[in-house]
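All remarks here apply to the structure that follows.
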Amino acid sequence: MSPAVRTAVDLGRGLVLRNPLLTASGTFGYGLEFEPFLDLARLGGIVVKGISPKERSGNAPARIIETPSGMLNAIGLQNIGVMRFVQEKLPALRERDTALIVNVFGNSIDDYVTVVEQLEAEEGIAALELNLSCPNVEEGGLEIGRSPRSIEQVTHAVRQRTRRALWVKLTPNVSDISETARAAVSGGADAVSLVNTYVGMVIDVERRRPVLSHGHGGLSGPAIRPLAIAAVYQVCQAVDVPVIGIGGIVAARDVVEFMMAGARAVQVGTANYNDPAIAAKLVDGLVEWCAAHEVADVNQLVGAAQQ
Amino acid sequence: MTENRDCTVAGQRELGEDYFLLQVAWPELANQVCAGQFVMLGLPDIGEMLIRRPFSVARTVASEPGRAPCSFEILYKVYGRATRAFSRLRAGAVVSVLGPLGRGFWLPDESEHDRTEIVLVAGGIGNAPFPLLLQQLGPRAQHVSLFFGGRSREDLTLLSWFRERCQVITTTEDGSEGRRALVTEPLAEKLDDDPNRRRVVLACGPQPMLKAVAEICLAREVLCQLALEETIACGFGVCLGCVVEQRHPASEFERYVRVCTEGPVFDAREVIL
Amino acid sequence: MSPAVRTAVDLGRGLVLRNPLLTASGTFGYGLEFEPFLDLARLGGIVVKGISPKERSGNAPARIIETPSGMLNAIGLQNIGVMRFVQEKLPALRERDTALIVNVFGNSIDDYVTVVEQLEAEEGIAALELNLSCPNVEEGGLEIGRSPRSIEQVTHAVRQRTRRALWVKLTPNVSDISETARAAVSGGADAVSLVNTYVGMVIDVERRRPVLSHGHGGLSGPAIRPLAIAAVYQVCQAVDVPVIGIGGIVAARDVVEFMMAGARAVQVGTANYNDPAIAAKLVDGLVEWCAAHEVADVNQLVGAAQQ
Amino acid sequence: MTENRDCTVAGQRELGEDYFLLQVAWPELANQVCAGQFVMLGLPDIGEMLIRRPFSVARTVASEPGRAPCSFEILYKVYGRATRAFSRLRAGAVVSVLGPLGRGFWLPDESEHDRTEIVLVAGGIGNAPFPLLLQQLGPRAQHVSLFFGGRSREDLTLLSWFRERCQVITTTEDGSEGRRALVTEPLAEKLDDDPNRRRVVLACGPQPMLKAVAEICLAREVLCQLALEETIACGFGVCLGCVVEQRHPASEFERYVRVCTEGPVFDAREVIL
């Protein structure tokens, strides 16, 4: 490891992360569960499980199934709700020396506003990430995230109520992700994160029905990485705010690939299950890659593959 | 303490067609794991296996009799991609292991043991967690009965090992070993035989068997613990992928519990199968 | 193999295939190249490489790259053009005892009409498949296939000029594939085939640029199978015409999965490269699966997993 | 005739770090393959390897001297996922093979042989197609010169085998074997030495080496054949993924040619590198 490589990245609105490695919402619990495996202070930041106004019990099982180089899930956004999050998780989390990003979701503009208002007075939150894109819950993020107009409305409504850095997480299940990215920016987003999962389904041919009780689910993992890279590459040409790349990262090479496509930071998701210390290992791997390639500052990677 | 490690394969033995016994070197885990707990097993290259697989710890192994164990064994059946890949591992290979995980069987403590009979029920590869249980019971194991059923004789792996340590009642669907019956048949007879005996039934096997065992026990008010299976992605409680439904949730929010964390062993009264 | 399993499927407009196994356009050449490896008469039919009004030389290399459980390509629709196809390939192809489906593409309505008109007088073509969806060629299929209005227009224009069975192949790179499927049907399609490839990109981190000379390409293979299954499942609920399922088929189990999702027939693509005889093996595998599961007619599988 | 087959691995030998020699049983192929032709090699389970990989046939092997060959060998270097998986194969394993494929080197016929000197140029693993070439030349091989370069001595696999059969001139970048130089240095000297000698240069190796060899030969009007590499998906001409650009296409449509079908060996004058 070369201490000479500068790793800090600026995500706008004054938020500078120690390094570009974040953990993706829903794949890192509330962060504290990973402390036996890694030092949270090694990471650029953590994005916690999506929070809704009220607690939710999620979908009936089965909720997950492996696919070729991927994983399909329909957890149904099970979470403890904003109140318990503030009471039970936040006090410990804000003691940790890492940027805390709270992922927020809802079924309506009101839901988003409710959560954000309840969080606004709390210390120790570096940014909010709006999940407008979850394909799992009926009448949920799905519709909002596919409509540029709705994206702009929700983003704008939240923007009015927070002084914090505001990220909008985009669904890839759209005809033109540049358009939805622009809608988020014009609504006031400081950064966009992409991608969320792709709508998929696996059928149990013996039982003649979808494996997941919910029917369809969201596909993540290395299978979607080429799709996510294309989305990041394209969005970077469409908007001027920082882009956070997500999708199928399992190795330092993948982090470099996302950054060269234009991402200022990345989030690692499904891979956390395979190796709960992977996010910290990727920080080391990124620094080593840069040192070996005589890259003095990770920001030099950002967009390097853009023509 | 749960840890994530790359471990060396100490050896692998084939137990008849499609059944394998894999020995993994990890002394600390072998010394603290309880019967019914499991590990996540993967290959060190995440590109070869994105999602690791859960396996009960079957047995622990010491380098010499009387010594503390230095490795643990996994007893498994080849089903698909991952188990096929594992079956090719040889001594010296490296596997990635997370463990010990979950809540194992809970046993009557020694003072109660004379008064409580332990009855094990295994269907096929569901025998996997029981060798460790018998090891941990030591000499008390001889009073344990194991009802062990399978499709055919080949499914009753480690049978002679079990026979040396406890009372074994076998059944097979094709009659190639023991009674030609489902394992629940002699189990029900046993429970009816001496209905007032204090007992605890510990069961592991396919879902339909567990369901039948639970019904038999609940009907007779016999304590019953079930080792459940659900698809496991993380194994340590964060993905929320592995839930089963609770019978009497305290609130709507607590409707589901995680097999990997609150289980895999549950009281049969707690869960809806 | 049980001769008792009935395999014929009806794809509308009088076109009955011997069995539901087709080969996907662009992955099976002009069919004849596969004769050393399999008997074309074993297949339900073959879909030949996309034909345009004029011959095309395609994109500069590199044109392909492997991805996790998938493959990314940007061939650029290299083909010999409709005239040479009619002169050089059709005479031999029409002698073969299998349904011949000609895949057609263009950059404009005129292009499609030109090709279809030149084919109309020719004997031995069972159906036309319109590729409105190729993400590889600038100003190409891309735009047409993402706009329901354009889809309807092209389909309608071609419908006027052919008495043949007309299939429209849908791109999955849209917000709502049910909508584009309905557009194809209202334009006069007898069946819809889905999915074409997903827009993806891989970056060569050593050379700091996309691997493919074209930049992005189309992702195929098992990685996309869960996405394709979800698309087929959804489209089957939206339209009444037969649906032809495509995406990541490598085993008989996958054929069954697509059919249970609602597909009346399937196309096997990338897997042809790995095993040039796979399409015929899948016919056997499907029949064996049905026999083992006491399914007397493959049509009983169609939509079996639909609620 | 090109065929697709599941074949048995007859054996595998490690030739120093990262280099392997894999022997595959397929008598018919071994008897008809020409130097420079290749096969697609995969695992029988498509789920483990979607896209097979191209490898030159390096050598053929007979069960006894004087007999017809019964298997062929592949000489390869471990780069990534596929080659790592192949390196684990042992005798008895099954691989899926498509071949023989492509157009190999074309040689001056016997009558012309006395008048035409054959010069081989290999960079690293680019030596792979040349053992077969020497086998096919038989006793004529002793007049052949092989310019064989690598980073270091370890890259010059099968060196003593080559030395027994032809004239070998070695270079390494680190000087651990032969001259410390790029292989193109002694090659250029050789060509300049006796400029009127009729020669044909056959080259295989990394792209920059091929480019340099082509320039050296074209500048001196020496015939030169290059074994090219491009990503190969099908290997038999249908995916159109493996093209290179032609120098003088007959029409815009013929701008690209397929490495797997029109190549992998091209006249240096035909292609743009």
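Letters A, B, C and D mark the chains in the order given here, with residues in each chain numbered from 1 onward.
Going forward, a residue touches a chain if its C-beta (ideal position, glycine included) is under 8 Å from a C-beta of that chain, and two chains touch if they have at least 3 such contacts.
All values reported here derive from a predicted model rather than from experimental measurement.
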item: For chain D, the least number of touch steps when starting out from chain A; value: 2
item: Farthest chain (mean CA position) relative to chain B; value: D
item: Chain A-chain C separation of Cα centroids, rounded to whole Å; value: 34
item: Chain B and chain D, separation of their C-alpha mean positions in angstrom; value: 54
item: Distance between chain centroids, defined by C-alpha means - chain B, chain C (Å); value: 47
item: Chain C residues counted as touching two or more neighbouring chains; value: 68-70, 221-222
item: Contacts with two or more other chains, residues of chain D listed in rising order; value: 47
item: Complex interface listing, chain C residues touching chain A; value: 67-70, 72, 146, 173-176, 198-205, 208-210, 215-216, 219, 221-227, 229-230, 233, 248, 253, 256-257, 260-261, 304-305, 307
item: Chain C partner contacts - residues on chain D that touch it in the complex; value: 1-4, 42, 46-47, 49-52, 96, 98, 230-231, 233-245, 252-256
item: Sites on chain A touched by chain B in the complex; value: 26-29, 33-34, 36-37, 55-58, 60-66, 69-71, 73, 75, 78, 80, 221-222, 250-251, 270-278
